[in-house]
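Just dropping this structure here.
Residue numbering begins at 1 within each chain, and the chains themselves are lettered A, B, C, D and E in the order written.
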Amino acid sequence: MAQASSLTRARRRSAWLFLTPMLVILACVAGWPLLRTFIFGFTDANLSDLGGYSFVGFENFYAVYDGEKFGLLADPEWWQAVWNTIYFTVISVSLETVLGIIVALVLNQEFKGRGLVRAAVLIPWAIPTIVSAKMWNWMLHDQFGIINDLLMSLGLIASPVAWTANPDTAMVAVIMVDVWKTTPFMALLTLAALQMLPSDCYEAARVDGIHPVRVFFKVTLPLIKPALMVAVIFRALDALRVFDVIYVLTPNNPNTMTMSVYARQLLVDFQEVGYGSAASTLLFLVIAFSIMAYMMIGRVRLDEGGH
Amino acid sequence: MSEVVLKQVKKRFGPIETIHGVDLNIRDGEFCVFVGPSGCGKSTLLRLIAGLEDISDGELSIGDEVVNDKAPKDRGVAMVFQSYALYPHMTVYENMAFGLDLAKRTKDEQRERVMAAARVLQLEELLDRKPKELSGGQRQRVAIGRAIVRKPKVFLFDEPLSNLDAGLRVQMRIELTKLHEKLKSTMIYVTHDQVEAMTMADKIVVLRAGSVEQVGTPLELYHHPQNQFVAGFIGSPKMNFVPAVVIEVSQQTVTVKLDSGKEVTLPVDGSGLDAGDRVTVGIRPEHCSLADQDTALLSGTVEVVEHLGEAGLVYVQAGGDELFVARVTGDTAIVTGSSIGIHARVEDCYLFDQNGQARRRLDVDNEPLRAQLATG
Amino acid sequence: MNRNVKSLMMKAGFYLLVAAIVIFAVFPFYYAILTAFETGSALFDVNYLPESFSFSNYLSVFEGQPFGRNIFNSIFVSVMVVALSLLMGVTASYALARVKFAGRGLLLVTILSVSMFPQVAVLSGMFELIRAVGLYNSMFGLAISYMMLTLPFTVWILTAFMRELPRELEEAAVMDGASPWTVITRVFLPVMWPAMVTTGLLAFIMAWNEFLFALTFTLTNEQRTVPVAIALISGASQFEMPWGNIMAASVIVTVPLIVLVLIFQRRIVSGLTAGAVKG
Amino acid sequence: AKISISCGAVGQELALCQEGVDAWAKQTGNEVAVISTPNSTTERLALYQQILAAGSSDIDVFQIDVIWPGILGNHFIDLSEYMADEAKQHFEAIVTNNTFEDRLVAMPWYTDAGVLYYRKDLLEKYGENVPETWEQLTETARKIQEGERKAGNDKMWGHVFQGRAYEGLTCNALEWVVSFNGGSVVEPNGDISINNDQAKKAIETASNWIGTISPEGVLGYAEEEARGVFQSGNSVFMRNWPYAWALANSADSPVKGKVGVAALPKGSTDGRSAAALGGWQLSVSKYSENPELAADLVKFLTSYEEQKRRAIKGSYNPTIADLYKDEEVLSANPFFGDLYETFTSAAPRPSTVTGSKYNQVSSEFWQAVHASLSGSQTVDQAITGLERNLKRVKRSGW
Amino acid sequence: MSEVVLKQVKKRFGPIETIHGVDLNIRDGEFCVFVGPSGCGKSTLLRLIAGLEDISDGELSIGDEVVNDKAPKDRGVAMVFQSYALYPHMTVYENMAFGLDLAKRTKDEQRERVMAAARVLQLEELLDRKPKELSGGQRQRVAIGRAIVRKPKVFLFDEPLSNLDAGLRVQMRIELTKLHEKLKSTMIYVTHDQVEAMTMADKIVVLRAGSVEQVGTPLELYHHPQNQFVAGFIGSPKMNFVPAVVIEVSQQTVTVKLDSGKEVTLPVDGSGLDAGDRVTVGIRPEHCSLADQDTALLSGTVEVVEHLGEAGLVYVQAGGDELFVARVTGDTAIVTGSSIGIHARVEDCYLFDQNGQARRRLDVDNEPLRAQLATG
């Protein structure tokens, strides 16, 4: 099929026509900012004097002066951030996916008040992150936080836990809040996938007497997999770039510092536009690599469908 | 024991009642065929039996047990869906093996059973394809395969052969019959194919608009339809109906006068009929023969001649609203526009009263006589 | 009646699960509502039931800043973003999901890569861009910049869903003389409602809750959106966190979203493609 | 002409600013737009940075934090051209702080300083005095905490402060270090001075509080969390800013009337009482289209009368020494007089000398302190590491 | 002008070639029926003509114009999909009106046309239903309705009546024939129903595994199948094949000896055949008659008797691998296990050479003779 018929070509033409508005907008909106970040990564630009920068090559990434190593790649904090981010992403996205599917399965059932429950489930996602993170900060407070109070009155813990301050629990707290906040995202997308399923093969499964759990794993899951995979990709993207939750709950805590927090610190707090842009570029590479790996392992097919 | 018994089963979709109190008794191991016009409720009945739809009213039992509230999986049925309902993401093999898996069959046994079914269904070369890469008939065969590998107590087939070519259909018919003999499961089978219905069924159930019109063996329905609807439904091309008036009623015969003026005496039960009643005489196309216009029951001009090869169908304008159809030999030389006369033996005719109810035909039951006639 | 007991238990278990989910999801929000009724030191007490009903926090949200206007702005921007994203997303995903062409996978990855930079990293560039086109401190500038956040998401999700629609459906429409645009609008969209509503809702909330761009690209209170407005709420001094007010504001801004979900969730129904094809 | 000024977030602060601005507008016949900015300082700084880096003239007058002159100084005009004389009336420490590279980039508007809150009633009950040194504070706190716990309040703690790893911890820790005569991390001449025994001792002292007189959670506390504990009656002492005073004494406060305010303790008897300098300044953007007018507005807002009005109406601590003797001001804010010393001698963070690298310095500092407090590093390790890191940050100079 | 011409059209799905160079010429206004075994490529051919699949190789023209590269909507065709492909979110009415709406017909015209189609298809009461609330046959009729309201130049029907009951199928057949006469559009029609194929077609195309086996009028195919495949495919039940050896070849006849030992002289073209060649004699079930065992062509034990009502099918074990099928009258008294002899007239027999190619039958073409025989 080396050469396509002009029918196919016409179809492709109209496809490109359809793609154009989206691509133009994206190029306009994202093109310059991304390019700029990329370029700045190779300069020593500083926010206090943005005009006066010079190119420094890969110095922001790696350089040696007087036997001492400089640059991101030599910065243990950066690597700590990378590790934190990946740890956070793997755990929270896994939890969110599993919980999201469970919630979606429940919401998929017919029951009285389903509409209200659907709305209720979406609430965590609907509350602005800065607000909800602060709210959790308050609720997780060791002295007057409701979580400690609850856990203590339930007898689960003996003395209040300083959730966000304790290095051991800081990440737990962050993951907990993130899971609470973004499970609705997964749930809603999974729900949509569930609702779009072709219904009749389920009848076949029912008649064949296949156990619901098996049906779920063998029929439902494979069928919603494409949508689920995409949902996971976007969740993972967000998690890999996580910022707000951590910034509000456990700011500047090396145990929970993620790549984005690190980059933001450089870019905004330290005004090191060059260095920060380099970090952002590196962050991009880490994310791209992770997502590619995920798509490879999860066999996400990009080229499916259509004719 | 897997007798299927329906007692006053009703089904409503919203406000519309689709099944109006069906009573039915399908014996263990019986091959029961449902026939009826499109939309009469055949699939719905199957789905009720399978447990895919809730029974709105009435009672359904399978093998002595009321199963109204039982989940489909506990009913021991397998079903071939009219719309196939294949698992789109599984290969043909997986589609067929999926139902087996649960029953904790060993992989070997699964493979064996699936391969056997695939062989029968001529799907061996397609086992690795997904449904969307199959032709319509191939999909349908996969759907059949999925049911037959399971060997359940009750099979439900919803028009399982409708998309197969004639040759394959005959083969499948034979295979299903064999399967039935081997497994002795109860089979409930929906079909629009007269040949399938007549050859496979132990019992045919004729449905019409959600009600049972008649239940009986194929030949019972053919020879003794209870009413005009069943008479018209069983047999293809369908029976011709000729209006007539009763002239004389004796114990074993009824003499009627056709609209054409011809008088015939039919060997049917005349009790209750009176001279002057309007009745309908039914004549099947295959019972017609050509005759001189003066001895013929009816005569008219030929409007259309259809050549089927093995036979010909002659459509005659004989005065009624509908054309009269007669089946003639395949090498017929009758041409459109010619005038012909049509005759049928009186013992082959049917008689229906004003309400469409059939009069009992007395001659057909006389088996020795008929046998004598046949060989003669 | 063993079976009945079992099914009853199943039912009970199910509702228990529903209750657990609802509590898990709603409790913090409930807590926010509680807090919004409280003032002063009551904030520092743990209580599970409301102890006072004071609407002063709600009222004071509207004092000092045009909070109503901010809500309107948020609605305006979010609606615009959702409309544009869905419009472009749906056309693009048609092309990506249903037309085979070389480089399709690459294109998808490229679109995705837009979402791989942290927001702060693009902030400066975006700021320059917005100023350069003269959309600084305007709802439109904000909406445009949000496209960067919502478009890749919408395109990908809709593409994933669009792939799953039966091919015959499109073909039937094509045979009926439908142009691709007609196929999209009159055949695909109606059966994609669950996906559209979901992506729409998620994109809406993304736009509704976005903070960094909203803060940076607007200057005056009249142009600001709700999250920024909430961030502006302050106590009598720099350090005081006026919890009551912030919670009241959060409750207020969450309500429209809940209403939105309640309205649109009806569209998330199953079996929309039932009966379309056989086989 | 039209001038725009960013001051405060929504609320009382904005209202006061608006009044002042309106007065000037009426007086001069100009138009002023007040732009509110986020309550959170970090978000405010980020916003300013964007606007200034882009060379935008959208805001003429900026309200900036005491630590920002070094960070943003490049973008502001030299105000000494317009108000060199007026500047002399203000606290010298602040003016010095606001002088970046020999240019007065900001005029002091109001000041802030860390103070010690204590429970009068409890001290009385246990017969203790207001502690003069940290050692005394530790002792007193321990005693009262134990006593109160025995008496049934098992939530009672001795001392709370801002222990979260953020700018607030820098303030707290700076106070400890300075009070022990441990220098100011980076000296005004640019030398990194933190690695000394006094400083280590100071941090050591604080580290010992965690888990004894301060809850472990204090490592996650900012101002409001600390106030929450104190105001619920669950702490004997609290280090905080003056804002907590009014709140702790508000009608529904459980500790209403039981609170006292004092200067922070000294490191030792030969140490000094040190309060971190806080507060806000006004600057004029060099991208402003009307710098003279803007400067005039700044002059007006930082003037004696205006500061007095703000002190009376909103308890904003004036930066003009004379106002601390003003009867009206004092009657509105009785503790101003007691804390005059604290305000005048407040210790500025090393923000001016480190310029745009201040945030990095501060971040290194609070991280090191946080690590010591949480026990993940010994004080020695932390301080040595801090020195090394600071040197790295400094590299070719501040 | 809407002639449909295929020149060496090929279709590959990935590496697999499904259509192997089909040449076909369907005249304007012709009713062309595709038949062939399941999976042979009928639907694929229709989809190629419709433009839904790219033609891998070859040329397709509709009405003098090569349309390989034309979009489906510009080809002026309407199609009934084998899988219906109804718009699930539209009512029956909307489904049918959709194409008209797109063609910018006025609402009135739309309504008129849809109502007319609905009447013909007996869907009037279902116009407000969604597809999922319809029975299989009803859905199929909607699919037909959607195509016929559009009145295109070329109709493509993919097994459009497969899910309808016999009665309705006959009615629909008549309606489609009427429509064809009225619109004079070209119609291409896939079916597995012999009766449909024989009665509706101007021309039948027999496909097998992606290639055309034979093209001809129904009776041509019936009487002069080009090979054993076509002979077996056309006619139901299918033709019986009996192995034989050539004994003598004359100009107009071939004498063969059946395996049963019986010798027969068949009026077929013997050119190229030699004595001793192995051949196959084809005998259609409907041409069989019962005979004395000694005069019969074949004889054997009856294995199965199927009663179809209007006829009976007798399956005889006559020595070959497959059972020999004979069609007898419906009232036959033959019972399983009995021995019978079967006879067929020599002019009704077919002869195939070793390669399965048919020998030209000389008798059948002799029309006057046949007519004479028929009436005689």
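Everything that follows uses one rule, which is that contacts are C-beta pairs under 8 Å (C-beta built on N, C-alpha and C of every residue); 3 or more make two chains touch, one makes a residue touch a chain.
Just so we're on the same page, UniProt names per chain: A = ABC transporter permease; B, E = ABC transporter; C = Sugar ABC transporter permease.
Source: prediction; values computed, not measured.
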* Could you tell me which chains are in contact with chain A (ABC transporter permease) and with chain B (ABC transporter) alike? => C, E
* Structure fact -> Of C-D and A-E, the pair with more C-beta contacts is C-D
* CA centre of chain A (ABC transporter permease) versus CA centre of chain C: separation in Å? -> 15
* Asked: Between chain A (ABC transporter permease) and chain D, what is the gap in Å from one C-alpha centre to the other?
  -> 36
* To do: List the centre-to-centre spacing of chain C and chain E (ABC transporter) in whole Å, with centres computed as mean CA coordinates.
  => 57
* For chain D, residues contacting two or more additional chains -> 46, 53, 228-229, 232
* Please list all residues of chain A (ABC transporter permease) that touch 2 or more other chains. => 8, 144, 198, 200, 223, 268, 307
* Structure fact -> For chain C, residue numbers touching 2 or more other chains are 44-45, 123-124, 128, 166-167, 231, 241, 243, 271-274, 278-279
* Tell me, which pairs of chains are in touch? -> A-B, A-C, A-D, A-E, B-C, B-E, C-D, C-E
* Of all residues in chain A (ABC transporter permease), those that touch chain B (ABC transporter) in their complex -> 198, 200-201, 203-211, 214, 218-219, 222-223
* In the complex, go through chain D and note every residue touching chain A (ABC transporter permease). => 42, 45-46, 49, 53, 71-75, 155, 157, 163-166, 215-221, 225, 228-229, 232, 234, 355-357, 359-360, 363, 366-367, 370, 374, 376, 392
* To do: Note which residues of chain E (ABC transporter) are touching chain A (ABC transporter permease) in the complex, please.
  => 12, 51, 53-56, 68-71
* To do: Could you pull out which chain A (ABC transporter permease) residues touch chain E (ABC transporter) in their complex?
  => 1, 4-8, 10, 307
* Structure fact -> Per the touch rule above, chain C residues touching chain A (ABC transporter permease) in the complex are 14-15, 17-18, 21-22, 24-26, 28-29, 31-32, 35, 44-46, 48, 84, 88-89, 91-92, 94-101, 104-105, 107-109, 111-126, 128-129, 144-145, 147-148, 151-153, 155-157, 159-164, 166-167, 180, 192, 194-195, 197-199, 201-202, 205, 208-209, 211, 226-227, 230-231, 241, 243, 246-247, 249-250, 253-254, 257-258, 261-262, 265-266, 268-274
